[in-house]
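Okay, here's the structure, questions in a sec.
Per-chain residue numbering starts at 1, and chain names A, B, C and D are given in the order in which the chains are listed.
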Amino acid sequence: MTEEILRDDLRFYFMSPCEKYKTRRQLPWKLAVQILKIFMITLQLILFGLNNQLVVSYKEENLLAFKNLFLKGYSGVDEDDYSISVYTKQSVYDSLHYVIDQYSQLRNLSVGPASYAEENGEFLPLIICKKSYKRGSVEPSEEPYDIDCINCKFFDFSRLLVDIEITFALKGINLQTVRSHELPDCYTFFVKIVFDNSCHSGKVKLTLDFDAVSSVCKNWKISGTAQKSTHYLLIFDGFVIIVCLSSAVLCTRSIILAVRLLQRFSSFCLENYNQKVCEDDQREFLNCWYILVIISDVMAVIGSILKMEIQAKSMTNYDVCSIFLGTSTLMVWVGVIRYLGYFEKYNVLILTMRAALPKVLRFCCCAGMIYLGYTFCGWIVLGPYHEKFEGLSRVAECLFSLVNGDDMFSTFAEFEQKNTMVWLFSRAYLYSFISLFIYMVLSLFIALITDAYETIKGYQTTGFPMTELQRFLLGQKEAETVHASVMLCCCKRYSI
Amino acid sequence: MTEEILRDDLRFYFMSPCEKYKTRRQLPWKLAVQILKIFMITLQLILFGLNNQLVVSYKEENLLAFKNLFLKGYSGVDEDDYSISVYTKQSVYDSLHYVIDQYSQLRNLSVGPASYAEENGEFLPLIICKKSYKRGSVEPSEEPYDIDCINCKFFDFSRLLVDIEITFALKGINLQTVRSHELPDCYTFFVKIVFDNSCHSGKVKLTLDFDAVSSVCKNWKISGTAQKSTHYLLIFDGFVIIVCLSSAVLCTRSIILAVRLLQRFSSFCLENYNQKVCEDDQREFLNCWYILVIISDVMAVIGSILKMEIQAKSMTNYDVCSIFLGTSTLMVWVGVIRYLGYFEKYNVLILTMRAALPKVLRFCCCAGMIYLGYTFCGWIVLGPYHEKFEGLSRVAECLFSLVNGDDMFSTFAEFEQKNTMVWLFSRAYLYSFISLFIYMVLSLFIALITDAYETIKGYQTTGFPMTELQRFLLGQKEAETVHASVMLCCCKRYSI
Amino acid sequence: MTEEILRDDLRFYFMSPCEKYKTRRQLPWKLAVQILKIFMITLQLILFGLNNQLVVSYKEENLLAFKNLFLKGYSGVDEDDYSISVYTKQSVYDSLHYVIDQYSQLRNLSVGPASYAEENGEFLPLIICKKSYKRGSVEPSEEPYDIDCINCKFFDFSRLLVDIEITFALKGINLQTVRSHELPDCYTFFVKIVFDNSCHSGKVKLTLDFDAVSSVCKNWKISGTAQKSTHYLLIFDGFVIIVCLSSAVLCTRSIILAVRLLQRFSSFCLENYNQKVCEDDQREFLNCWYILVIISDVMAVIGSILKMEIQAKSMTNYDVCSIFLGTSTLMVWVGVIRYLGYFEKYNVLILTMRAALPKVLRFCCCAGMIYLGYTFCGWIVLGPYHEKFEGLSRVAECLFSLVNGDDMFSTFAEFEQKNTMVWLFSRAYLYSFISLFIYMVLSLFIALITDAYETIKGYQTTGFPMTELQRFLLGQKEAETVHASVMLCCCKRYSI
Amino acid sequence: MTEEILRDDLRFYFMSPCEKYKTRRQLPWKLAVQILKIFMITLQLILFGLNNQLVVSYKEENLLAFKNLFLKGYSGVDEDDYSISVYTKQSVYDSLHYVIDQYSQLRNLSVGPASYAEENGEFLPLIICKKSYKRGSVEPSEEPYDIDCINCKFFDFSRLLVDIEITFALKGINLQTVRSHELPDCYTFFVKIVFDNSCHSGKVKLTLDFDAVSSVCKNWKISGTAQKSTHYLLIFDGFVIIVCLSSAVLCTRSIILAVRLLQRFSSFCLENYNQKVCEDDQREFLNCWYILVIISDVMAVIGSILKMEIQAKSMTNYDVCSIFLGTSTLMVWVGVIRYLGYFEKYNVLILTMRAALPKVLRFCCCAGMIYLGYTFCGWIVLGPYHEKFEGLSRVAECLFSLVNGDDMFSTFAEFEQKNTMVWLFSRAYLYSFISLFIYMVLSLFIALITDAYETIKGYQTTGFPMTELQRFLLGQKEAETVHASVMLCCCKRYSI
């Protein structure tokens, strides 16, 4: 009797939502919540993204406008990481005075609504700081710099100059939101212009960057009931949080149920057959999908809370919020595969990927050793001669691209034939690496996957190897006869 | 007796054109019409395309010429979606006056035959419109803009300015056609120059665009019999329409025939064997190729009619016409594969693709979920930092390209290391996506296709599994003996 | 007796050079000639190429120098197919006068040894021709142009102007050869500058091109015995011709021998077994490699003769010569595979490629239909919106690149979202094409090749299917016993 | 008895470190040394690379600064291999004077600490050398040049001018190291500016390059104990050398042991079974991994010594040092695979790659012939029309990239349709090459690898074929029974 009850409970536990409904008329709440969640999380993400886009483009255009206004000779495109570079003392002076001149007549120049920022009724000053190496003795424990901040324009160019920093603050207003009947956002831009001479190579690099802090507009008179839509958004976010929490709770409940069932089953096995439940069977009870769903839910809840904070202007860090929301959405969509796995024909593919994964990872490990070796070797030898080999992470990316057939010719071509030894080395390096990886490694991946696919297909016709648990589920008597249903239940076993 | 007649009719229906001719001396009219259609539709498309090309290049060069004439400081290449951008009030005024100056002395400037457009003997005016946000209260239901059109040059730059639009009309004549002894086309260009300040970011974007309306030239005296070739073209188009219609009629007839045969066969089965015709057999009668041909014919007819309208200058929308003509040509060429399927060796390949298609689509569905998840996640997190992740469709395209090994290094490289957290996320995101798709998903496609190919090859040696219909076609007695012909007819069955 | 002699002759004919030497001590002349030929032809090609390179770079630099000297505002890089474009009447006049001014003071300007060309002691004149459409009636049979050549600078800009051509001739000398102790070459450059207004779109395109005619330097006093090395080259070329001719003669002889043997064998078969020789066996006698060698030899001889003419300055067309030499070298290297086929392990691969080829071609044929359809469709619909779809051959190339995973993102990205309908069409078009070809077609290629490889591997262990000829070669009695040698000779049969 | 001892010794020799420890409690010194080596060599490489990077960026920025200072009209980006090019005599004079002017006022111009270099208290002079062809007779044995060095500015432009060289020396100091509390390095830059007219094509190419010689700073007063960290580095390098040497010694000892064992085994075989040891078994004794390790150790030692020399400023050649260090690191990481091979599941993959390698190489050989043919043919025919086909090595790289699906469209697109014959040839050439290699050759690689993988998988289930040595190791009696351990030891045999 106990055996039959346990068997029934286990069978029920391993059923698909559809079968559960057929057997015990249990409505698939969990499934419904998941489907609702997919739509809500995706919608929330899209709304957040569209809003984000406006803010980002506003900041980017402001940055560009400032560069055009304050950097003399700025061409509209940045060189490398800095905006422009100057090579003569005269042009350093000119650039410096240009910044100050433009700043002083900003109101008449700019087409945007930028103006000087105030604090407590006073304008924030423009500050010029000069950093140079200290003359005289340098103690190891000491900072080797002299920093000297000035408010006037005159300054002297010394051989020991490290950099000059100009900082000032400007105000701006983002009127775009007015069109969607929302309140405009006000921004304070803390602009910092750096003349970087730290390399002492005869090239001074100019960079302009700012921190944009958004705040509620004060001195602007805006009437009308423009603020409502924000309320709707907050309500929507709250609803998303509720759905995610309920999804997490339902999944946690299922996991707890599973652990209890496992305990019952293992004590049953110990009593009746004096056998421990094997590890494979134990793993059946630990459903990885549930864990994925819970993680995704937790991330979505955190992301939604952060999003509400951003909307309330009490936080400006979009990145953390978007990483949480983005990752949870990715997981939610990946989770859909679980439900596709309930259809037998889709299941083959999922099982194949699951069966191939450990082999692929193991092989990645082997190939990774060679890859690492090539990365280090390429960085040290070719780094000084090729932009793509300048940093370790860049080398890794470059080699990864080469393996996948990208940017090969340009990688070859950028080596000049100046240094014959290095040129020959680069040829040997690139040809050997590409041939090895594309012709050997990638082909072996295909062999691995093909092999896994054929194994799974073979199981489908001859039946999957059965475990203790499955034999128990069938009941010993039926085990020989009901072959067809075995297969069905095996698939399920893999797909859950 | 009835059985024999039905069997004969069915056999005849499933024969290839060649066999039909051998058996009943029926000439393959349908085949002949199809072959004629391929040549005619392709020829028509090429003629239309060559003509289209001239018009397109004429418009493009005019656009470029106008940009060079009217936009101050235009470098010959557009920045992003706009032509140039200006950052100071002074340069906005300068650009504005430049447009008006250039417009007023256009006749002396332009090397082309452009002149001011007239309507009813009067010159169309140049209009300048200024749009700015309304001062004062904004009701949610109201448009928040003030629009103010002026004819003079003086205008004031306000903080609330949204955009300035300058519109005017010019005439042009496309003399290229004279060389092929055709009449020249006259064009009216409705030019619109926009100073876009809607972002209020300190950057005003200038765009120039026009609507070109072609018309019959009036004030030009052109003599000679240049117009004839158009007549020939119209006759040719008419002939194409006739061929397509007759092809469509023939295919419709075949489908009707098939439906009748199916009815006879199913009533016969019901009477004699008390069996319903299974779905697989029913599908044999519904020939997908015929449907493809009919769709293609209908599109070709619509396209040809639109083409005639364009030639008669009563329509200027090339795009709709070209989509109809292009799609029908694509379908016609794809239809050729059907006839290649009558050769056994070609048939293997077609059957393989047909057998693999559902599996491939099913797998695309699984992979598509992960793909969608990555798309949303990439857009929200990386969008603000990378041009390629700016819009949802762009992200999808970028990921699709990455899967196929394109533009990988540049995707990696464009992330600056400014924001370490996002940089790390981008690495994890890209490496995981690319590895998963290239090493797992693409390899599995190969496994699927290889498997399908081997299945079909196996059938070729052991014989395809037979359906009811085929057994009936053979006649029960012959069924065991005539093994060779089974195979032949099975192939046919698949290829039709 | 006759049978034994015939069998021996046949066996000898189908032996490898090595076996021939072992059996009848026949030295492998043909092989020796081939090896000699490979080295000589490659050496000849390299010498020709290095010489060619000097001439090409000399011409290219001259072209660039002329563009910089004569085209006003030339930036050093060509726009599209033309050098620069101008948009106002004033800049057309300026460019025109600039050409004439620069030409008149060329001697003081140019850093190269360019000077005015003379003919019979008189300087060749600078000629300006103006082409415009005829006013008045245009008869279909008539040329619609008025051409008007002038020698002075004044000219009037009319609305019907089609183009202006300026032609003049300059002399130059290539002194680079002096360094390798050869005589310098003298060149006459017939320069042609075109102001192209044929599109009448308000954009005049300027192009500069020249014909460079090389000749023996006359007015230069060069002493020394610099000319010798040319003699050596001519002797070397002659030697190459002799080697190629002897190779061709040897191969022709082998083919004639084969035909005679075939006749003897077929008459023997007819007499003794009353059987015709099957087509497969007949094909054994026709050695494709010999035909390849003969074609390659003929091309090498023609190429060498052309090369000698070029060295003797009686011809300047490098292209024809290089195509002949290049193709023959390609064939000679491909021919090496034949000798690799004598080693059993290499043979597997060659046989696989040979076995897979017809299937691959057949499949290319099917895929080609879809490819053609897409080409036409893409050209007509996307041509006006995308540079890559402008011409039919370009579309074909673009699609071919896409299939192989190149330039995908940029193809997607270049479509602007201006015209939504075309944008949607382009997405459907590109996604469907790429998916179909990369995931279905390319995978099927792999399936085909893998299948062919397994077939050949199977043959290697179980023995290749034997033909009549091979049974005869073995002698009926031995046929059953000497299984090992069958395999060996079968391989040979395939590899020849 | 001897047999048993020999068998035990042999068994012990072929054991993995883990088994050795279990059997004879022998600690795995070699393994420990290897692991230590991996970390130390990688750390050393990273330290060297980071240091190297600073120096390289310092030199690069200086080069850029000099180009901006001394080359008139330099845009910041090099054209091809030269910096800028000039086309008129006047601009040659201007550029020349500009160099001298800028040089004379360097101190007031440059933002870097560059100053005139001195030797023995005297400033090194600026030297201008002019090289032109000799007038008059040229003897083959003679140099055809006149070289003329001047110190003043006036010079005459002759038609025979080959080039002008300006050389001078400047001093600089790299202060970046001060930040990491190290002594700054002083540099002397021997700058050389060349006006290259050797082509006499009307285009003079300007190049600027320098040799940077680093030396200890003399006239700078730097106090503090900044030098210590260098000492630590030297100690670390010494430690690396010791580890590498001990690793090399341990491996050499193992090889000697192996040779002795082989001698014992072969004499035993000769005595007892009157058999020679077969080559396969002999190869078992020669462990390739040991040789790899020894080579890597030797290179690491040499590299470390060179690195110490560089740190001691007695050598400036980074390249040789980095090649030694890089290659040794690559080998060390590849060596890790050996230890992964001790795990059975990893071993499959390693064995597959090993089994496939000879076939892949053999096939590369066949494909290489066609590849070579295409390389020569492409170079000679397409070289003059396409940048990518200019040199033999470039053609090889371009074709290699095409095979891997890179840069295909741009290769197609760069051919202009100027010369129709060459254009047609280029299409035939590219389509045939790409199709042949991507659809035939690459697919065959996959077939080869798949085949090898299946062979190895088959061995794993049925047991690897046994050699004499393995039978001996098992002992004849056990040979039949202990099947499982055979497999284990076979794997080991392959993996060692």
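FYI, a residue touches a chain if its C-beta (ideal position, glycine included) is under 8 Å from a C-beta of that chain, and two chains touch if they have at least 3 such contacts.
Keep in mind the model is a prediction, meaning the values are calculated, not measured.
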{"item": "Chain copies touching (subunit B, subunit C) - same or different residues, decided at half shared", "value": "different"}
{"item": "Superposition of subunit A upon subunit B: rotation angle, C-alpha, nearest 5 degrees", "value": "90"}
{"item": "Whole-Å gap between the CA centroids of subunit B and subunit C", "value": "34"}
{"item": "Whole-Å gap between the CA centroids of subunit A and subunit C", "value": "49"}
{"item": "Numbers and ranges of subunit A residues touching at least 2 other chains", "value": "405-407, 446, 448, 450"}
{"item": "Residues of subunit A defined as touching subunit D within the complex", "value": "79, 86-90, 92, 133, 136-140, 144, 157, 159-160, 197-204, 359, 362-363, 365-366, 369-370, 372-374, 376-381, 383-384, 390, 392, 405-410, 412-413, 416, 419, 421-422, 425, 427, 431, 434-435, 438-440, 443-444, 446-448, 450-451"}
{"item": "Residues on subunit D engaged by subunit A in the complex (per definition of touch)", "value": "42, 45-46, 48-49, 52-53, 56-58, 61-62, 64-66, 68-69, 76, 81, 108-114, 172-176, 178-179, 181, 222-226, 228, 318-320, 322-323, 325-327, 329-334, 336-337, 340, 345-346, 349-350, 352-353, 356-357, 360, 364, 388, 393-394, 397-398, 400-401, 404-407, 442, 445-446, 448-450, 453-454, 457"}
